[in-house]
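Right, one structure below, let's go through it.
By letter and in written order, the chains are A, B and C; residue numbering begins at 1 in each of them.
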Amino acid sequence: MTTLYLERASAVHRLNPVTKLVALLAIIAIVFAVPQWWIPLGIVVLVVVPAAVLARVGGRLLRLFLILLLPLLVVLFIVQGFFFPDGTTVLWQWGPARLTVEGLVFSLTIGSRLSALVLGSLVFVLTTHPARLMTALTQAGMSSKIAYVISASLQIIPAFQERARSILLAQQARGLEIAGGPLRRARALLPLIAPLVLGMITDVDERSTAMEARAFGATPRPTSLTVVDDPLSERIGRWLLAAAAAAVIVLVVVGVIA
Amino acid sequence: MIELRDVAFAYEDAPAFTLAHLDLDVAAGTIMGIVGASGSGKTTLAKIIAGFIPSTEGGTYRGTASVAGAVLSEGTLTEAVDVVGLVTQNPFNQISGARFTVREELAFGLENRSVERSQMIERVDAVADTLGLTALLDRSPYALSGGQMQLVAIASMVVMAPPVLVLDEPTSQLDPAGTRLVYDVLARLSEGGTTVVIIEHKTELLHEHCDAISVLASGRIVSTGTPATVFADDRLSTWGVGQTRITQAAREARARGLLPVTALLPVGVSDGAAVFAENGAAR
Amino acid sequence: MNDLTIRIDGLRHTYESGVEAVAGVDLTIAPGERVAIVGQNGAGKTTLVRHLNGMVRPTEGAVHIGDWSTSDKSIAELSHRVGYVFQNPDEQIFARTVEGDVGFGPKNLGFEPEQITESVMTALEAVGLAHEAQVHPHHLSLSERKRVAIAAVLAMRTPIVVLDEPTTGQDEDGVRLIASIIDDLTARGTTVVAITHDMDFCVENFERVVVMARGTVRADGPTARVFADQPALEAAAVEPPQLARLARVLGWSEMAVDPSGFVDAYERRRRG
């Protein structure tokens, strides 16, 4: 598996990836700018979750939430809620653990920001194919070399895994016993890392020859086989999103939102 | 089309020259096969013809290599790759890594050359069709078998339609059917005016498809000529190049007095059949 | 001679992708036999032979190596009986020195230290790379790395050796070297199973050929007989060796295995 991307026919999937990226960045800017914990929570409930449902990736998002985020939130709530050093308004106490209002608010603030950030990013990744993102970004003016580095690093992971898998298989074929739990497997994999990296480096040399043979970098303005639609409505939408985020930040800075 | 004059090259820190006093001429629109033992300098020669040596490789370079009248070492690498397409040995390392489908992979070079989109689609479809890749166009390039990757690597260079094409052991992972397909494509390209240089171990195929053969041994061209004369040369095995079984059989028949000494040794099936039938083998 | 019969019964293998790579194969290979498996890319050859050391498990049917069923042995256990050389050496080689890589198998199999040194050096001499023992494999050429991969399996001294495309990228001397290695293995009583696209190499070095197409066996038998079975070869898109094709064009009914054999037949015909 290369990415988390899920192929679905939905309006969210069809959006220009740059629009989705701008929306994500706007959300991140807003939730970290405003001090109120209920605003990030509101964004999660009113924007992120509906978007996931509309894109028919809600189930996967929930699963990822349970695996990735929930444990983190629980730890955060316990540590900050019960052991917040500056907490004065004690609600409940048992030994050294004191549940304070300040600790609760702090963990809610951090937790809701974190949720908006992680869930928003997940919806983005779940609904955006990396190839389409790269194309859209290059179309929007990003350098093709930077696009190459990003795409290549996305693809190098599965290629790396594939290689590690085949070498491990070859080692077993030469008598290496790995059926002995994760520790044994890890011990078997450890000596693999150096040669794998070295192998990849030799590859880079050969690959750069192959890339240059195909005129990579010969022109700053390459054309593109795949074209990502970018209707006027989305371009306006992006500016509005950016303006909204900027406005919120200004309002926070000048003290209207406190 | 290709002219190498007294070319020599030694890699950085290498104790000896990989190539020395090398002269090579390839006429426009012909297919030249390069044969030689492992370590004879074939890959280095390919990189010189394609302009990658000396521009991307440190070391000592002497002599002149010109393609279509331009001396490669005097121009930029981009200028060179516009004239000479290079297909390197390991297909896995020829996948760009930047594209997610075979279709996009094939278009990669055209994008870099700012080819218009409609033309790009046409050319990618056409090359995929000739190399039997149409069914794979929407697959990830990394999900292919070694043989399929090799065909994609060749197609990704053929699609750019360079006037000169250099291929370094392009059929090593292909089965006979895939190998024939590649040679058919090269033959068609050469009919269309493309000059082809191919490094290969498969003597019989080279004999069938090449206009000329050069033998490389210890960094020097030791023999050049038509496939029929080069592959029938008695010195071939001393240069580490295999003779076909038919040539070996004809040599033995000649030694045993069954074929006239004057007969040119056959290499492939059709010339072999002619020689043996003429001398009483057919029944 | 080893005493391990390879028995493949009703074998099917379907990959997760849904592709049925092996679609019902029955095959018995006697101890010490040398068998070549030929067929187009995608015919199921590699999937079939990967069952021999458990790298691929039967979806249906069974594979036995002597009294062991590969279904209930680990790859490591099976490596005591079956050595496997990968087609692409870079999928196999991992150590920092040639010697270290070749010694990996013997070490895992529990060879004594002096036995390891001895088997490593013998194997490296067999592939003509004894002088490169201390070199980093990445400094060798692809055809040399291929020979390191072969040495790594020779050093294990398994009763069965599987070779996936041993001659790719080898020049004339390399192919001859591999042929002599196979002879040495046979002299030791080792069973050799090889996949190959090189029909000249196949006809000259294997007494038995198995032709595969679409996951099934289309022909199986003595090399000369199989290469005379034109319909089966055509169905599997396998091109016969050069001398067989020549004999066919000349209208001969028999097939010569090597140039000398061909000339003998030619001489007989000339005499009438």
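Methods note: a contact is a pair of C-beta atoms (placed from the backbone, for glycine too) under 8 Å apart; a residue touches a chain by one contact, two chains touch by 3 or more.
Note that the coordinates shown come from a computational prediction; the quantities given were computed from them, not determined experimentally.
Enquirer: Going by the touch rule set out above, what shape does the chain contact graph take here: line, ring, star, complete or other?
Expert: If you draw each chain as a dot and join those that touch, every dot ends up joined to every other.
Enquirer: State the pair with the higher C-beta contact count; candidates are B-C and A-C.
Expert: Result of the comparison of B-C and A-C: B-C.
Enquirer: Using only Cα atoms to place each chain's centre, name the chain farthest from chain B.
Expert: A
Enquirer: Whole-Å distance, chain A centre to chain B centre, using C-alpha means?
Expert: 45
Enquirer: Based only on mean CA positions, could you tell me how far chain B sits from chain C in angstrom?
Expert: Spacing between the chain centres: roughly 28 Å.
Enquirer: With chain centres defined as C-alpha means, what is the inter-centre distance between chain A and chain C in Å?
Expert: 47
Enquirer: Return the residues of chain B touching two or more other chains; collapse runs of consecutive numbers into ranges.
Expert: If we look for residues of chain B contacting two or more partner chains, we find 90.
Enquirer: Sort out for me which residues of chain C touch chain A in the complex.
Expert: Against chain A, chain C makes touches at 53, 55, 74-77, 79-80, 83-84, 86, 90-96, 104-105, 107-109, 138, 152-153, 156.
Enquirer: If you look only at chain C, which of its residues touch chain B in the complex?
Expert: It is residues 39-42, 87-88, 141-144, 168-175, 197, 199-200, 237-239, 241-243, 245-246, 249-252, 256, 258-260, 262-263, 266-267, 269-270 of chain C that touch chain B.
Enquirer: Over in the complex, which chain A residues touch chain B? Could you list them?
Expert: 2, 129-131, 134, 144, 147-148, 151-152, 155-156, 158-159, 162, 203, 206-219, 221-227
Enquirer: Give every residue of chain B touching chain A within the complex, in rising order.
Expert: Residues in contact with chain A: 47, 50, 52, 56, 77-78, 81-82, 85-88, 90, 92-94, 96-101, 103-104, 107-117, 120-121, 124, 140, 142, 153, 156-157, 160.
Enquirer: Applying the document's contact rule, which stretches of chain B touch chain C when the two form their complex?
Expert: 36-39, 89-90, 145-148, 169, 172-178, 201, 204, 237, 240-242, 244-246, 248-249, 251-253, 256, 258, 268-270, 272-273, 276-277, 279-283
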